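You will see subunit A twice below: alongside subunit B first, and alongside subunit C after that.
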Partner chain A sequence: MVEVREAVWRRRSGWWTQNGHYLLFMLREVGGSLSAVYGIILLGLLITFDMGQASYEDYLAFLQTPAMLAIQAVILAFVLVHAFTWFYLIGKSQAVMSAYRAPEWTRVFGLMIVIFVAASVGVLFVVFGGL
Partner chain B sequence: MAAENQVVFRVRRYQPQGTKGPYYQDFRVPYRSDEVVLDGLNYIKDNLDPSLTFRWSCRMGICGSCGMDVNGKPRLTCGTFIRDVSPGGIVQVDPLTGFNSIKDLVADFDPFMEHFLYVKPWVIREKQRPLSEGEYTQFPEELAAYRQQSLCINCTLCYAACPVFQGDNHFVGPASLALALRYIRDTRDEGADERLDLLSTPHGIWECTFVGECSVVCPKEVDPAGAIQSLKVLATIRHMRKLLMPKFASR
Partner chain C sequence: MAEEPAGTFDPRYNPGHRAIRVEAAQKEGGVVLEPFFWGLFSLGGFLTAFLLPVTIVALSFLVPFGFWTPDRIGYTWLASAMNPAAANFQGLIVRLFFLLLIAGALLHGAHRFTYMAAELTHHRGEKGISALFHGLAVVGSLLALYTVLRGWLL
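This part shows the complex of A and B:
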């Protein structure tokens, strides 16, 4: 009797580079992890604040070194990708908002951007007293 | 008749009784601008190699049989014009990603069929009404609530596009989950709790990481990604109700 076999499918390494949407997904996930890293950096502010003025100012100076500024710029870029891709996806799942009719995803996406910008401006006003 | 162009079809071949693994074979195929990839495959079968094996049936995007990877993207070959996918003069055709191949372009859909039945894709009633009492009726807006998910033709393009299913074929997957939502939203159905119990598992809705590609490739705009997120919300609401208001846990 002749043996009959199936050709077994295996995922190729680097699969996420072969499609723009997969790549965006991976960037979004990395952005999530990096936002946690930035949380740790901010936590450092609290810890050094508790240790006294000298420690706090040393930490602030450390954050302003070229290497740390570069790291923060990279984190910011990834976090923006994370935020915008999530806004994009939220618009695609707005069926949760209404049982009978989902709003156009472009409208939801636009609304999310407006809220994001408004919240950012609000935070800037609270923290710095203005733009 | 319009002048014919030429294109190379690079087709993945696999003979289950052969000794060698999958390989690619090139076929030179003439085509007109109104012909689709399925026409090209049928040309090969009729004129160049009758052993080439692939599924197809209706040729009009209804049966969902002719899904294949065309240039690396899951598509219905009956709805994909050759002129749109052959800018370099080559059209590469593979069986759908994520499934084993039985022969040539024929994918083994057994994993999908298991997931499909897992979500109980039928109207569940706690107590069946006798036929003599007539059919279950609905208002048009009640039909509209699940119409989008009911348009699914089970072509499995969404599975081929889903990197989660590709990494773990135990994942219930986009089309089956969209179908689950279709029945949960159906006012005739009383099986929401039963289905949400089945789906609130590691291989159910919570395995979806919302890549969203399933909705991109869906030829019927079913939006399985959106459906899965809706299921997550429903499951969460139900869980919180169970915790806070046990008497009102059901929808």
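This part shows the complex of A and C:
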């Protein structure tokens, strides 16, 4: 057996700025992180609902201030980047995991978009009472 | 490319392979929570990707931009939507929807934030950051569970 020198491998700092794919990876990480921020906003909605009508309506009014709308617009943009780059990755990773047997990534991506649209319409009808 | 032999690995065939696996081998006895949290992270990512965008649009933008009237997301709407006695289990489905979305988003976000922070801080304080954010996500999820059970089972 040959002796192998043990070394801890680390990425160079700023590696994610080196090409578009790495940058998109980091943007997806940000999108995933920001989804937790909207999770907190939703939790606030349920807590203020539990506190009563006045608290709930004050909270909704706060969410509709220009500053909060701007923050939520940024969250939405990153959450969409997170979702769509993940849909893209599902098709791409299948090719890595099952070479030559995976369908074209565009077909998988298209299927994900169909499921995304169906899930969105379903949420609008079941949770929000329609379009 | 040759398959890795099933028995003891000989590094002559792939120098560096052992070195890359050093940390994983050292952790072998202690990897218990990692797959559990990774599973929750993955489930959270799934829920977040499919359900969160439409929820953000509906709750945050359709009323301020005039597409919906304010009563579409008003107190009466939520009281009715979460009514546990509603027909076809609608109230329970909506409660489950909020619980899964909040817990999924918090756990997914905590995991992503931990690893993003680890990249930016060169893994300094990674365990502390992980414990803090995963802990907050668990607390938030339990709070969400409590709020969806209120008015139904509590």
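Here, the second predicted complex is superposed on the first by the 112 of 131 C-alpha atoms of A that agree within 3 Å, B and C clash if a C-alpha of one lies under 4 Å from a C-alpha of the other, contacts with A are read in each partner's own complex, and residues count from 1 in each chain.
Everything below uses one rule, namely that a contact is a pair of C-beta atoms (placed from the backbone, for glycine too) under 8 Å apart; a residue touches a chain by one contact, two chains touch by 3 or more.
Computed from a prediction, not measured in an experiment: that's the story for all the values here.
Peer 1: In the overlaid three-chain picture, which partner chain does A:His21 touch, first (subunit B) or second (subunit C), both, or neither?
Peer 2: first
Peer 1: See if subunit A has more residues touched by subunit B or by subunit C, and give me that chain.
Peer 2: For subunit A, the partner with the higher number of touched residues is C.
Peer 1: Which holds for A:Ser120: it touches subunit B only (first), subunit C only (second), both, or neither?
Peer 2: Second partner only.
Peer 1: Touching A:Ala67, do we find subunit B (first), subunit C (second), both, or neither?
Peer 2: neither
Peer 1: Taking the superposition as given, does A:Leu89 touch the first partner, subunit B, the second, subunit C, both, or neither?
Peer 2: In the superposition, A:Leu89 touches subunit B alone.
Peer 1: Once the two structures are fitted together, what part of subunit A is touched by subunit B and by subunit C alike?
Peer 2: 2, 4-9, 11, 16, 29
Peer 1: Over in the complex, which subunit A residues touch subunit C? Could you list them?
Peer 2: 1-2, 4-11, 13, 16, 26, 29-30, 32-40, 42-43, 45-47, 49-50, 53, 56-57, 60, 63-64, 69, 72-73, 75-76, 79-80, 82-83, 86-87, 115-116, 119-120, 123-124, 126-129
Peer 1: Per the contact definition, I'd like the list of subunit A residues that touch subunit B in the complex.
Peer 2: Spelled out, the residues of subunit A in touch with subunit B are 2-9, 11, 15-16, 18-19, 21-22, 25, 29, 89, 92-96, 99-102.
Peer 1: Could you pull out which subunit C residues touch subunit A in their complex?
Peer 2: For this pair, the touching residues of subunit C are 10-12, 15-16, 18-20, 22-23, 44-45, 48-61, 63-64, 70, 72-75, 77-79, 81-82, 90, 93-94, 97-98, 101-106, 108-113, 115-116, 119, 122-123, 137, 140, 143-144, 147-148, 150-151.
Peer 1: Name, in rising order, each residue of subunit B that touches subunit A in their complex.
Peer 2: Subunit B reaches subunit A through residues 14, 16-17, 21-22, 72-73, 95, 97-102, 108, 141, 144-145, 163, 166-167, 185, 209-213, 215-216, 223, 225-227, 229-230, 233.
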